[in-house]
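When the chains are written out, they are named A, B, C and D in that same order, and each has its own residue count from 1.
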Amino acid sequence: MCRWAAYLGSPIYLEDVICRPGHSLVRQSQGATRCHTPVNADGFGLAWYGERPEPGLYRDVMPAWSDSNLRSLTATLRSHLFLAHVRASTGSATSRNNCHPFVVGRWSFMHNGQFGGYEDYRRHAEALIPDDLYCHRKGATDSEALFLMALGEGLETDPAAAMAAATAKFEALARQRGSAPHVRLTAAFSDGQRLYALRYASDEHAPSLFHRWSDTRGGRAVVSEPLESDEPGWQEIPAQSFCVFEGAEVAINPFRPDRQRTAA
Amino acid sequence: MCRWAAYLGSPIYLEDVICRPGHSLVRQSQGATRCHTPVNADGFGLAWYGERPEPGLYRDVMPAWSDSNLRSLTATLRSHLFLAHVRASTGSATSRNNCHPFVVGRWSFMHNGQFGGYEDYRRHAEALIPDDLYCHRKGATDSEALFLMALGEGLETDPAAAMAAATAKFEALARQRGSAPHVRLTAAFSDGQRLYALRYASDEHAPSLFHRWSDTRGGRAVVSEPLESDEPGWQEIPAQSFCVFEGAEVAINPFRPDRQRTAA
Amino acid sequence: MCRWAAYLGSPIYLEDVICRPGHSLVRQSQGATRCHTPVNADGFGLAWYGERPEPGLYRDVMPAWSDSNLRSLTATLRSHLFLAHVRASTGSATSRNNCHPFVVGRWSFMHNGQFGGYEDYRRHAEALIPDDLYCHRKGATDSEALFLMALGEGLETDPAAAMAAATAKFEALARQRGSAPHVRLTAAFSDGQRLYALRYASDEHAPSLFHRWSDTRGGRAVVSEPLESDEPGWQEIPAQSFCVFEGAEVAINPFRPDRQRTAA
Amino acid sequence: MCRWAAYLGSPIYLEDVICRPGHSLVRQSQGATRCHTPVNADGFGLAWYGERPEPGLYRDVMPAWSDSNLRSLTATLRSHLFLAHVRASTGSATSRNNCHPFVVGRWSFMHNGQFGGYEDYRRHAEALIPDDLYCHRKGATDSEALFLMALGEGLETDPAAAMAAATAKFEALARQRGSAPHVRLTAAFSDGQRLYALRYASDEHAPSLFHRWSDTRGGRAVVSEPLESDEPGWQEIPAQSFCVFEGAEVAINPFRPDRQRTAA
C-alpha cells in the first residue's frame, strides 16, 4: 500500500499539499493512519504540469521526509495540476523505475493498492502491454503495467472505459493465477487538462479516497487521506467510483470492471 | 534517536543479529518499541572485523529494510565481532558520512542519543577534535565528533577514561551553549579485540541498553532492544555504566563523566 | 560496452584485482583503453563466493571510483572466486537492478557487449525466459535476459550448450527484429566451482578478453583488459571461444552459436 | 576540477544550456576539453531563480549524464537566472552536501578549482566561518567554506570586496599551511538579481572562463567551456577578473586578492 495526493486548480506551490499541511503527504510517509502500512518510505515521486504538455517528473528512492531536493522543489515549483506519491513496496525493489508517478507523453499515472499474487502472473500482465508501449516498461511493478495496459486500451480517448478494461483484465488474471484479494486499488492520472481518479476493489476493502475543494486556494485536492485531520469539507469517494475533475467540477460515476468482465 | 546492535563471540553470519530475529535490527528500523521514534530509516551501517585489523564498513542512506545489498552482505559475511546501526536523524542530513558506525584505523564507533541544542555548539565541539584527527571529520553529526574527541582523549589506551573525558566536555558545552536534555547516550565501540558499550544520561532518561549471552551461538549480543520480544536472558544494563566485553566475560563499571567534570 | 574482471584461485583480497593494479577495474571505469567508451561509470557490481553456495552480491549506481563502500569491501573481503563489473549503459537506466553481476541461486553472471536494436525486440527476448525463472527478471537489460534464458536452456548441466542456445536465440531475434551489429559479447559466469567465460561476435569485432595465471597469487584473472599495461603473461582469448577455468586448468573450445542456429 | 555554466537573461528552459548544446554541461561531464580531468562525474547540481527570492536547488551524486530527474527538470523548468555544476572531486566524498551550488537564503554559489593542500588547513578555513553562518556548513568542501567566509565578509553588500577578502584569507592559509598551487579558481554566484563571476589564480594557470550573449535567446551564458565548439562570439574572461552581469550589461574589473593580502 502507498499514499498519494493530487491537486487541480489555481497554481499553488507544491509544498502546500506535499509538505506543509498537518497531515501532508510527507507526514503520511512516516505515519499514515488509514492503511495497514503506516510507513511509506520506499521511494516517492511527483509529476507536475507547467508550460509544456509533458509533465515534469521527479522520483527518488529515499524516504520523502529526508530528501532535501524534494523540500526545495516543492517550495519552488508552482503548478495548477500535479500528482505526488509515497511508496510502500508490496514486493518489488526500491528503485526509481518502480516509483510512481509513471509518465508516458503527456500522461501521468499513480496507484495505490494490491493485486493478490501479482508475482505469479507478472509475465501474463506484461504480455498485455502493446508492442508500441513496451519501451515504456522500465520497472517491475503491477502499477506501471496497469498504466501501460490502460494506455493500450485507449486511455487517451475514453479514460473510464480504458481503465475498466485494463482493471478487468488484471482482475481476471488475479482470479486465474493469483490470490485474494484480487484487486484493491485507487489511482489518479491526468493528461494535463483533467484529473481522473478511481476507487475500486473486488472485495469489501477498497483503499480510502477523499477530495476537497478549497475556496482559499481555488483548487481541489484528491488524496488517500485528508491533509488535515480535523478539517471540514473532506468528502469520501465511494468504492467502485470513477471520478473526473475539471476546473471546479466533479463527476463521479460507477466503475464496475467486474461486470464488464462477466459480460465479456 | 537510533537503534543499534553489536555482537562478540564465535563467528556468526551477520544476518543472525541484523535480519533474522523476530525483533532484529532491521525490524527495529521499521518499528522500534523502546524509543520515541519507532521509525529509524535515515540510513544504516555496519562495521565488521575479519582477517585484517581494520574493520570492513558498509553504510548507505536507504532504510535498512529495503537495501538489497545489506541483505546479501549479512547473509554472506561471518564475523566474530561486528557493530550495526539504523539511524533516525535528529537534524543532520541523511548522507553516508552521517551514518554510523564511524571508523578510524582499527576503531569503530556507533552512538544513539541526544545532545540538546547541539547545532548551537557544533563548532565548539569540532574545535575539540585534535588536528591529526580532523581529516577524519567527514560529516556533521555529534556522534562522529564525540568519537574523534574520545580518540583524542586516549581511547586507545584507556577507553573508559577517554569516553568519560569526551562526554564530560560535551556535557559542559551542552550546559553552557545548548539546551536540555544535555546528554542522553548509549554507544558501542571496538578495537577489534574487545567490545565496549556505555549507557549514560545527564537526566533520568538514559536510552535503553541490553545484553545477552547465547550458549547456542557461543557469543553475546549487546543491543538497544532485545532481539526477540519474549526471549529470556536479556539483561538491562544500568544507567551510568561502562561495559567491557571480552570473550565470554563482562565487566560493568560506573560511568560518571558528570562527577569528573565537577572535579575538574 | 562495459568492463569486467573475474578471479579464480587461492583466496585474495578483492582489491588486488579491483582497485590496486595499475590498470585495475576501478581505473578502467575512468579510462578503459580497449573499447569505444572509456568511461564506465553507470554503476558497478561484484559477486564473490565464500562459505555458502550462494555468492554475496554488492551493486550500486555510483561510479566505481567514488564508492566508499566498494573500497572498504574489497579491502576486507577475501575470496577464491569472484566477478566484478563496471557498467557503461547502452540505453537502459542506471539502477541497481540493471547492474551486473546478476545472481540466481549459486549462479552469478556478467556481460559486456551489444545486441543491436535490442529495445526493438526486448519483449521477444523476455518471452523466452521460462516461467519459473521469470521472478528473477528484475531489470530491463539484455544481459539479465540472456542469463535467465541460458539458465532455462540448462546452464546448470551443460554451460557451453546452454550459452550457445541462448546466444543463438538472441542472435536470431537481432537478425529478425534488431539491427547490426547483431551480437558482440563477452561474458563470465560461475556456479561457485568453475569459472566460465566466452568471447563471441556475429561480425569481426568481438570485445577484448584476456586471462593470466599468477604464480605469486596462485590464481588466474580473466578480464576485459590486462590489469597492468606492461605486464607479461596476458593471453588474449580468441574470438568465438568458450572457456572453462577450474583450479589452474584452462580449457578453451570453439563457441559457434551461429552454426547451431543454422543447424536448427 | 569541475565544470559549470550559468545563465542570465530572458527565461529559457534549463536544458538549453545544460543538456542540448553540442558541448553542453552534461557533455562536459563526460568529456571536458579545457581541464585536466575530462570526466566530471562526482555529482552535479543546479540552482534556479523563479518567483520566490530563494532559488530552487537540486543536487545528486550520480553522473549528470545518467540522472533521469535532471533530464526531466531541465526540460520543464524555465528560468531567467540559473547556475549548474558538474563535479570532479579533488578529495572530499561524493555526497549531496559536497555538490555545488551551495545556497544560503537568496544567495547561490558554485566553484571550480584548487586550493593546494586544503585538507591540511581545512579546520583553519572553517574557523573563519562566522558563528551565525556555521549552521550552513553541511559538507567538507573548500568551496562551501569559501562561500560562507565570503558571506561573512559582506557578500551581500559588496560582493567583489567580500570575495577578495575571503580569497585572500584562503590564499594566506594555503601559503602558510598548504602547498602549491595555492589558489586556482573560477566561481559564479548570484543573489537572484545579478550574476557574478570571477577568475583568479595565484600562479599562471587560472581555470578557463568564457561568456557569450545570444540575441536569439536574449540572454548570456557564463561558462567554464563554450557550449558549442565552433560557435562565434565566445569571449574569454581574463585571469584576475571579477565580473558583474546585469541585464545585457557586463562589467569586468581586476580581481587582486593577492595585493589586498600584502597590503593587510
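The rule is simple: a contact is a pair of C-beta atoms (placed from the backbone, for glycine too) under 8 Å apart; a residue touches a chain by one contact, two chains touch by 3 or more.
Since the model is a prediction, treat every value here as computed from it, not as a measurement.
Subunit D is reached from subunit B by a rotation of 180°, derived from superposing Cα atoms (nearest 5).
Work out the mean CA point of subunit C and of subunit D, and you get 40 Å between them.
Residue positions of subunit A touching 2 or more other chains, listed in rising order: 68, 93, 96. If each chain is drawn as a node and touching chains are joined, the picture has every node linked to every other. Across the interface of their complex, subunit B is touched by residues 30, 39, 41-42, 61-63, 66-68, 89, 93-94 of subunit A. Against subunit A, in their complex, subunit C makes its touches with residues 93, 95-97, 119, 122-123, 126-127, 129, 131, 134-135, 137-138, 140. Looking at the complex, you find that subunit B touches subunit C at residues 48, 50-52, 54-60, 68-69, 72-73, 75-78, 96.
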